[in-house]
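Each of the two complexes below includes subunit A, the first together with subunit B, the second together with subunit C.
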Partner chain A sequence: MDNIDTFIEKFITAVDFQEAVEITPDTVLKDLPEWDSLAALGVIVLSDMEYGKTITGEHLKQVTTVNDLYQLLT
Partner chain B sequence: MSVAQDPFSLSGKRVLVTGASSGIGRQIAITCSQVGAELVISGRNPERLQETKAALQGEDHLAITADLSQQEGIDQLVAVADTLHGVVHAAGISKLVPFRLINKQHLTDIFDSNTFAPMLLTRDLLVKKRIAQNGSILFISALASHSGAVATGAYAASKSALLGAMRSLAIETAKQGIRANCIAPGYVRTPMLDGLAQGGANMDELIARTPLGIGEPEDIAHAAVFYLSDASRCLSRHYTFIDGGLSIPLDIYA
Partner chain C sequence: MATSTLKNVRFAGMATCVPKHVVHNVNDVPPHLRSERERLVRNIGIETRRVCPDWQCFSDLAYDAADKLLNDLQWSRDEVDALIVVTQSPDYLVPATAIILQDRLGLAHSTIAFDVNLGCSAYPFALQILGSMIASGAIKKGLILLGDRSSYKHKDPLKDPLFSDAGTATALEYQEGAPPMYFDLNSDGSGCKAIIVPVGGHRNPFQLEHGIARKGDDGFWRSDLDLILDGPAVISFSTQRVPPMVEKLLGYADIPKEDIDYFIFHQANRMINETIRKKLGLPEEKTPSTLREFGNTSGASLPVTVSVRLRDALVAGKKRLLFCGFGVGLSWGGAIVDVEDAIFPELIIS
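Right, the complex of A and B next:
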């Protein structure tokens, strides 16, 4: 099982930030300047491919922080 | 007009439709039966395939549960296919994956179902002489083959590949009078579209960009009847977009 640091690395790859941004477990997804539909899709695919878990946009709407997302996926 | 005079009738024709357990394939099978065809239908899900069979008009239809991404599935279908006057390759899968997350497994899954299965099934049907003279082979590509929507890298590539395969095939089979064509649908109200919505696609935006509205499976099925019937007997190596006008503002040949 990935620890939170490994998860954050994969999250950064999936979202493909153009401007480097510091991500901590407490980062609020909606506050990220590049959090858009393609970023959300990247996370949906990451969940499926890396963690074997099918999530939808609805699941993502219920998630606030990066740590929430980590808990959902792992 | 009697059925015999109707150039769009499929009376007396035996038509194989893959992917008939849901969506576009299911509706093509039903519509073909309504205009007189005898159907051979295949799909992966036995229950839903039987539901399609029950919805077909007329008797003597055949339903074969088979996974065409495996050679055994193709063998199974070819063994019972008998003489076919039409083949519709409607089986296919789709999944939105941003390009930077594409991996080998994703490419293999998409190409096995969308590209290799229809090509290999066609090959085996031709080798076993299952397709009658003047028969019609129809592939279901996608608007994505030209539009290349976001996160459809593998899907769009697999559907573009079908267009290339169709062009070459049509030349090779012309001497037997066998035609090969392609329909490239835009967004159509099917379980696959529901899957895209679940997978993160923005449906409201898609609907807003489609002036004639999201297509229904019947819209694709009616075009399939045209390509299968004698009405299109002079048409081969051809494809058409059916996309509710979605591509009107796009330079899709770019």
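Right, the complex of A and C next:
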């Protein structure tokens, strides 16, 4: 299983940030400028392809921080 | 029973028509929106789209495709026994566009003409509908006119970076001993709200207030008349349902993946198409794409991809194709079709 640092690297690729951004486990997703519908699609694909988990938009609405997302996916 | 086989039906030809006007997803939007659009384009894989001007309908594109295909096939107009229009962009709510096209194309009054309301998933369904009529022996030759003016569902063509317009014609005919066509077709109406135009039908008739637009976070104005697309729901549906369906169809037909020359998927967006391709373990060269230049042309994206990417290969010799459509409905299906000596006119730009 990926550790949180590896997960964050994959998360950054999936969301495709326009400009470099520092992300920690405590980063609040809603505070990220690119946390939008496109980012949601990227994370749904990441979850499916890397972690074999099917998640929906509803799951994503229930998570607050990057660590919450890590817990959900791994 | 979603799986089926049709015998004695020959794939005779296909023509595709797109409008002249090209919209660029980055360069044509206001400068302050371009950086965000570049990120979007990188991920959805759609750079340019073909968009009808106000006067041009789906049926105009379909007419041009059908006219060219009939001429190249050298079919006389009174030989066409059935004309099936498959679109969600009819000329009018009433009557059916197929009947209008029967007259425009100069087909006989004895032509069976009707519309089918399917979108992104439409192509395999359409082959099954017309193919069944031919396989039964009831008719000998028929046309499927399939496509959409999807860009108009958002009124302002810049507003939505996905949708593009196209009209296509496919000809099928009766031929004893033609290779079988195999199908797997599915529907799940519980997902009807994932892609919906909620206003304008009988459930929510149009009222004046529906026309009032509100400005969204992306700077574009939207009203209740615009298409609503639930991106997360659509990507989950597509990437979960499509790969097992393709595997099931191959299993039913008893055809190994390696024996399919090309897999022609609905061109939805790059993230969806790449996920499906990787899940099925298919090489890129077997999954041609037209997303970058032609965007998501709804059900027409399969014929667009064949006409643009596979024409030379199909003219050169016999090929086995697997068509796969998925989307609005929710609806998804696949068809395995052997194509040999069929007519493929060059892409028509109208």
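Simple rule for what comes next: the second predicted complex is superposed on the first by the 74 of 74 C-alpha atoms of A that agree within 3 Å, B and C clash if a C-alpha of one lies under 4 Å from a C-alpha of the other, contacts with A are read in each partner's own complex, and residues count from 1 in each chain.
By our rule, a contact is a pair of C-beta atoms (placed from the backbone, for glycine too) under 8 Å apart; a residue touches a chain by one contact, two chains touch by 3 or more.
What you see is a predicted model; the values in this text were computed from it and never measured.
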| item | value |
| --- | --- |
| Three-chain arrangement built on subunit A, subunit B and subunit C clash or fit | clash |
| Which of subunit B and subunit C A:Leu46 touches, first, second, both or neither | first |
| Touching partner for A:Glu34 - first (subunit B), second (subunit C), both, neither | second |
| Contacts of A:Gln18 with subunit B and subunit C, given as first, second, both or neither | second |
| First, second, both or neither for A:Gly57, with subunit B first and subunit C second | both |
| Common interface positions of subunit A, toward subunit B and toward subunit C | 16, 37-38, 40-42, 44-45, 49, 56-57 |
| Of all residues in subunit A, those that touch subunit C in their complex | 16, 18, 34, 37-38, 40-42, 44-45, 48-49, 54-57, 60 |
| For the subunit B and subunit A complex, residues of the former touching the latter | 96-98, 100-101, 103, 105-106, 150-151, 198-202 |
| Sites on subunit A touched by subunit B in the complex | 13-14, 16, 37-38, 40-42, 44-46, 49, 56-57 |
| In the complex, subunit C residues that touch subunit A | 35-36, 39-40, 42-44, 230-233, 235-236, 239-240, 271, 275, 278-279 |
